[in-house]
Amino acid sequence: MPAPAIELRGITKRYPGVVANRDVNLRVESGTAHAVIGENGAGKSTLMNILYGMVVPDEGEILVEGATIPMSSPADAIAAGIGMVHQHFKLADNLTVLENVILGDEPTGRVGRIDFEAARARIVELGDHYRIPIEPEALVADLSVGNRQRVEIIKVLYRGARVLILDEPTSVLVPQEVDELLKNLRRLTGDGLTVIFISHKLDEVLAVADEITVMRNARTVAHTRPAEITSRELAQLMVGSELPTPEPRTVEVRPEVGLRLRSVSTRGRGHETSLSDIDLTVRSGEIVGIAGVEGNGQAELIETILGLTDPVSGQVLFGEEDVTEAATSVRRRLGLAYIPQDRHREALLLDAALWENRILGHQMHPPINRGVWIDRKAAREDTERIVADSDVRTPSIEVLASALSGGNQQKLIVGREMAGDPRVLIAAHPTRGVDVGAQAAIWTRLSAVRRAGVAVLLVSADLEELIGISDRILVILRGRLVGEFDPAAIGPEDLGAAMTGADAA
Amino acid sequence: MIETRIERLLLQLIAPVVAIVFAALLAAAILHFTGADAGSVLGEVVAFGTTPASLVAVLNKATTFYLAGIAGAIGFRMLLFNIGIDGQYRLAVFFAAVVGASVSLPPVLHVTLIVVVAMAVGAGWAALAGYIKVTRGVSEVISTIMLNAVATGIIAYLLAPGRLAERVAGSNNIRTPPIPSSGWFPGFGVAGKEVFGFTLVAVALGIAFWILLNRTRFGFELRASGLSLRAAAVSGVNSKRMIFVTMVMSGGMAGLVGIPQLLGSSHQYGLDFPAGFGFTGLAIAILGRNHPLGVAFGALLWAWLERSSQILDLLGVSREIVTIMQATIVLSVVVAYEVVRRVNVRRQQKLVGRSEHEGIDNGAAA
Amino acid sequence: MALLLLSAVADIANTPDLLSRGAVSASLRFAVPIVLAGLGGLWAERCGVINIGLEGMMIIGTWMGAWAGFQWSPWVGVLAAIAGGAVFGAFHALMTVSFGVDQAVSGIAINVAALGLGRFLSSIFFEGQPGGGISQSPHVGQIANVSVPGLAEVLDPIAELETPVISDLAEIAIGMTTGVSLLTLLAAVLVFLSWWVLFRTSFGLRLRACGENPAAADSLGVNPNRMRYAALTVSGALAGLGGAFLVTVASSIYREGQVAGRGFIGLATVIFGNWMPGRLTIGALLFGFTDALRTRQETTMTALLIVGAVVFAFLTVRAIRTRNRGATFAYAIAAVGLGWWFLGFGVVPSEFVGFAPHLTTLLVLSLAHQRIRPPQGIGVPYRRSEAN
Amino acid sequence: MPRQRTILLVLSAVLALAAVTACGGESADPTTTTAAPATTAAPTTTEAPTPDFKVAVAYDLAGRGDGGFNDLAYNGAEQAAAELGLELTEVTAKAEDTDQDRSDRLRLLADSGHNPIIAVGFTYAGPVAEVAAEYPDVWFGIVDDGTVEAPNVAGLVFAEEEGSFLVGVVAALESETGHVGFIGGVNVPLIVKFEAGYIAGAKTVNPDIEITSTYLSQPPDFSGFNDPAKGKEAAKGMFDAGADIVYAAAGGSGGGLFEAATEGGYLAIGVDADQYYTAAPEVRDVIMTSMLKNVNVATHTFTTQVVDGSVQAGVNVFDLEAGGVGYSTSGGLIDHIVGEVDAYAEQIISGEIAVPSSTS
């Protein structure tokens, strides 16, 4: 039997206060697709970063094709034939696809001049060979998420990697893109390459992986094959308990309108998509899901409702109140809540204490607001309440938000946004990057919010989530709402087809 | 938590102390290598710097520095780089002097008018930079550099005999007419020297700035915008308005920089009016971490160094060693703060990590 | 177009110096230190670091240039200035990259330190030298000038024809090819070289990538912090060279305060130039041109009144077309105001002439239609542990 | 005779400069400290004959080493101190200095036993008035200001316009193109006096002469005194426009004028000191004359008079008559017109010509 492509032995990595990996062992055979699964915080990403040289382990060794190699930087990994596609793409937006691909391994002529012709030819050739077409001269900023991922894969292949690590590659893709990706992965393993990928989605894992390693609580707890296990059993290995499922719909939608957009159009600047003629009604006590491939106007839709983008025509109403001209602060005061996709960028002041983060977005609401003043005592008290109610694990409300883990940050944000008795809630990918336990908690929260009569607009790429908790699903494509579906009567595949415009064609 | 608060306070104090010691050591080293007796020179400096007359002078100097520092800090809090403090305060104090000399009013009203004019002119001049930043996206770094030059030209034009100024016979100076004594801000005597009355106003402004930052909604929005412009915008802060308002506030504060001098001592604006506080203000703001109390500390330190360095001329030592010391202090304070910050974050992460694991363990047990 | 306008204006306002060879070559000399400072800023910012310390690095450049220049030769001075600037650039990297100091803070501290250091070192090294003192150096030799041989002779007759535009073109050509300092040529080469290195070589690509997304570069084995050290060293070296120009070409002496804000203007040209070397140079030339005009002959400023009036008239027309009422109003007032000023007074007060270059820069920036695209990683320190 | 007196003054200036150079030469030794050689040497001169006096010079912004105004102030005081065996201390101001800083600086000097104290620059007017009242036993001299009225203050003011008139005469007589120029460092009244006198002198000789004036910067931006690059371009502009002689009253920027004149083959007029001697040897040949502002004479006289008790409070005007201002002939370029120029000098002294001190 040949030496495995990759073997990790006794990897341990400690961070201040936490052990991310504890005596982790992993064996990946050459030419296979190997899935590493586990809850968020189980240590998968740390492990992959160790394998890619971005994190140096405290103990343990890494063997590539049977030989121990030093791994202190990505350069070492690249030299050993290992490449990585990160969950958050590592691309420079203002550079072209070609520049991003060749970065760090440029074909150069005399005195360091880049041989652009050679680079272009090689990229096109790689694209043809693996059937991953990309446009070398395009600016990355102009690319869709799926195309960016292709750039990332080409980037790795361009370096002649024999082992590809993909960190949650499907979380940002629509079903058709996922299919495309999985097909590509199979082609890669068919060519003798080795693929290691991290995933949450067990059906994908079962469909594409040759072998599966399960991690829990910083350890590898199981090693198995798809044929030997069901997704239920896998889930139980991951969390040690039942897999949560979205609650069924039990609540009556009320007749009053929470949020309404009347033929809203925007003019997109730069790379933004223009919204055209959006008509949208979310009633109190209703969750309306927005499905769509990323970059089709979801961000602009949210911005318009938040009041950060002014529509060129149309109206935005909260209930009967026309807020088209109203500032974000006014909309907030009228009961708008927002759980953003990128919590670091949009929802948190990372360098401020938790209780100060509690104020954010509520600086004009009681109990925190008292005229021009901020009631710090009330803010602290209410933060204590959220920490207790939402099980935010923190030693104190005085710690900086940056010190919390992602799941706890998200719980704090959800708790905060719910605090003001909102009328309208926009939830953008509320469970992305959140572990299974927290995911269930957030779904429960959303359902509770609906019961309380809030109009919820749920923007998500997770079709299971959309189908599971939405009352209605609208599909957005190139800035237009192109279809409305009953979640009870539609499957992910149909939805995916609508999202890509395949059904319209 | 009380324990960690004390710890945190101590951590914050360590940074400046380390920085000052480091800068003093560096100065001593330079002195030593240039052949002076470092110990006795520094001893003389300290001795001179602690005489009552020196302390009063330091207080007066620090008042001006403090106002400049706060003007810088307001901008920094919002990630705005107001390089224009210099132009703003010169233009402001010039017009304040002109207006102050041209009216006759009862004392309190007169002073109030002068102060209001100064703030308005400073704010207005800064508003230009704010406006083109918000509407045209022109970086305030560029616009304020350019506006400083424009302010210089405007003052030069107006500060001429026959325009808004007069020339004293026999003197080479040109000055605006003197402000009548009803427009003076009385000082108070300490150790036979006079402390600017405006020092008290500066202290009050510092307190007001602190309250504004920490206790009001506006202050929260300002700080939030500085920490994350996007998060603040999402939370309902109009970031364009915020940029504009911050610029105006910074300019308004900058307008006051020359006022202690004008109302407490010169009573007129002339060619001999001090210039160049803009960058000093920014350095002091940085030194004080944009915190009202920290800026006060920075202003006092800076003023003390400037004052006590005067003795160096008499000792035959180049006074520029103090400038080098000031730069060293700014840098080492910042380095020290950064080290402290990292230590603090690590400590917090450790605490958080521990409590998360406790949570997990508890959960498992339950 | 612009040339036509200037040519016509020179006639109308009777300010022949507007497009004379002297004005052109003076513009070059004023622009070169700014270009070099600007390139310094460009290198730093393209790699994600703001370099407010350019002014201080130029001061160090002037001092080092004079110190080595008066003792040995101006070329040694140039090398010393480059070295001095580079050391301070590397120091900026040490502060911002290794110690995580805020980039603006480090820059300001460098400016403060350079001022003190210049005077302090002068008191040690210049005081007592012939012509030297605490605030100035002894006389420094000049870097040689070169001309394109024969060209001036060929073009002179054309220039003297006084045919609009054609003669002006000849004057400009003569101005740009006669009596040009070798350092000016070097600066021109460096503009091209900066573009070439940054946009055509692997080193440049890596450097830019670290300015856009250091985490991406790091994930591909490019060490962003090392690149930033390199970029800042180059940045400082360029600023130092700008300082050397001031003491070996623009004058022959180190004089305290002679940098006079040129570093800051250089920084402004980076933004003006949208982080591109060519456009940056245009910005510096614009500033240098205005500065040259007002320094050489204040009366030339009246010509710029007309230029301003014409430009605003043009903008008014454009605003009318786009139906922007507010802008139309503002531009129209500006156009009429400037025109009225020219016809009514015919002169610009000399106090106002002083800020003409600054105002021009400000107006161009405010009015030009632009899409600014700064490097996205700018101002952000990179630490690997936080990148995950 | 004015001319003889002028020559005498020139000689004394040259001697004084030589003295500075010699002193400076000693301090070039890196182990001894910087600023004032006389100060470091002080302990050895404790047995000086008149230990009651210690001379102090407080400069404005530029400080010593400018090869002009401030150096001259130092030279005079230093010469007197050397002659009388006195200790001498120098202090310098900063741009951000307030009146209080300046007052405190003077107090510091007075407290440490200095007498007389010479304040250089009009910005010291207020502070001198204030501090002089507190120290009635100390003599204060203030250069360039005549407004302080106190029993222990002497204002040392100069008739710069008169000296400038004479170099204006020289320029007009020697200009072949009928076009001359003036470069002022910073647009302040003091420098305007130079311009006014120069214009008057030139116009007196040739009423049709064209005179171009410019200032390099506007207050409080004093970079115009320290920007030789700008001085050079301004001069080039004037030469290109047809001027053949340019006069600069621009401190350190004046060096730029000499370079421009050297490169283009034109002539230049220096200021304050005899710049034929203070400018770099490479450019001295274009310096046809310098407007002498003999600050050294003023500080020397003042210091000596304080020590011998003959000093008078009030304004001491150092005009042409008193030998406070004049013009230099070093280099020999204007030897052939000295008679003519001196004739104008006598008319000024006799009051036949009244020289304006401002341009408007």
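Here the chain labels run A, B, C and D in written order, and each chain numbers its own residues starting at 1.
Convention: a residue touches a chain if its C-beta (ideal position, glycine included) is under 8 Å from a C-beta of that chain, and two chains touch if they have at least 3 such contacts.
All values derive from a computational prediction rather than experimental measurement.
Novice: Considering only chains that satisfy the touch condition with chain A, which of them also satisfy it with chain D?
Specialist: B, C
Novice: Can you check which chain pair, B-D or A-C, has more C-beta pairs in contact?
Specialist: Between the chain pairs B-D and A-C, B-D carries more contacts.
Novice: What chain lies farthest away from chain A once each centre is taken as the mean of the Cα atoms?
Specialist: D
Novice: Taking the mean of the CA coordinates per chain, how far is chain C from chain D in Å?
Specialist: 34
Novice: With chain centres defined as C-alpha means, what is the inter-centre distance between chain A and chain B in Å?
Specialist: 44
Novice: Where in chain B do residues touch two or more other chains at once?
Specialist: 34, 149, 152-153, 156, 318 - these are the residues of chain B that touch more than one other chain.
Novice: Could you list which residues of chain C touch at least two other chains?
Specialist: Those would be 123-124, 134, 261, 351, 354.
Novice: Could you run through all the chain pairs that touch each other?
Specialist: A-B, A-C, B-C, B-D, C-D
Novice: Which residues of chain C touch chain D in the complex?
Specialist: That would be residues 17, 20, 22-23, 26, 29-30, 33, 122-124, 126-136, 138-139, 142, 246, 250-253, 255-258, 260-261, 292, 295-298, 350-351, 354 of chain C.
Novice: Considering only the defined contacts, which chain C positions touch chain A in the complex?
Specialist: Residues in contact with chain A: 197, 200-203, 205-206, 208-209, 212-213, 215-223, 371, 373, 375-376, 384, 387-388.
Novice: Show which residues of chain B lie in contact with chain A when the two form their complex.
Specialist: It is residues 1, 4-5, 214-221, 223-224, 227-228, 230-238, 345-360 of chain B that touch chain A.
Novice: Give every residue of chain B touching chain D within the complex, in rising order.
Specialist: Chain B reaches chain D through residues 34-36, 53, 57, 60-61, 64, 90, 149, 152-153, 155-156, 159, 162, 167-174, 261, 265-266, 271-277, 280, 306-307, 310-311, 313-314, 316-319.
Novice: Using the touch rule from the top, collect the residues of chain A that touch chain C in their complex.
Specialist: Touching chain C: residues 45, 49, 52, 54-55, 73-75, 78, 84, 86, 90-95, 99-100, 102-106, 108, 111-114, 155, 270 of chain A.
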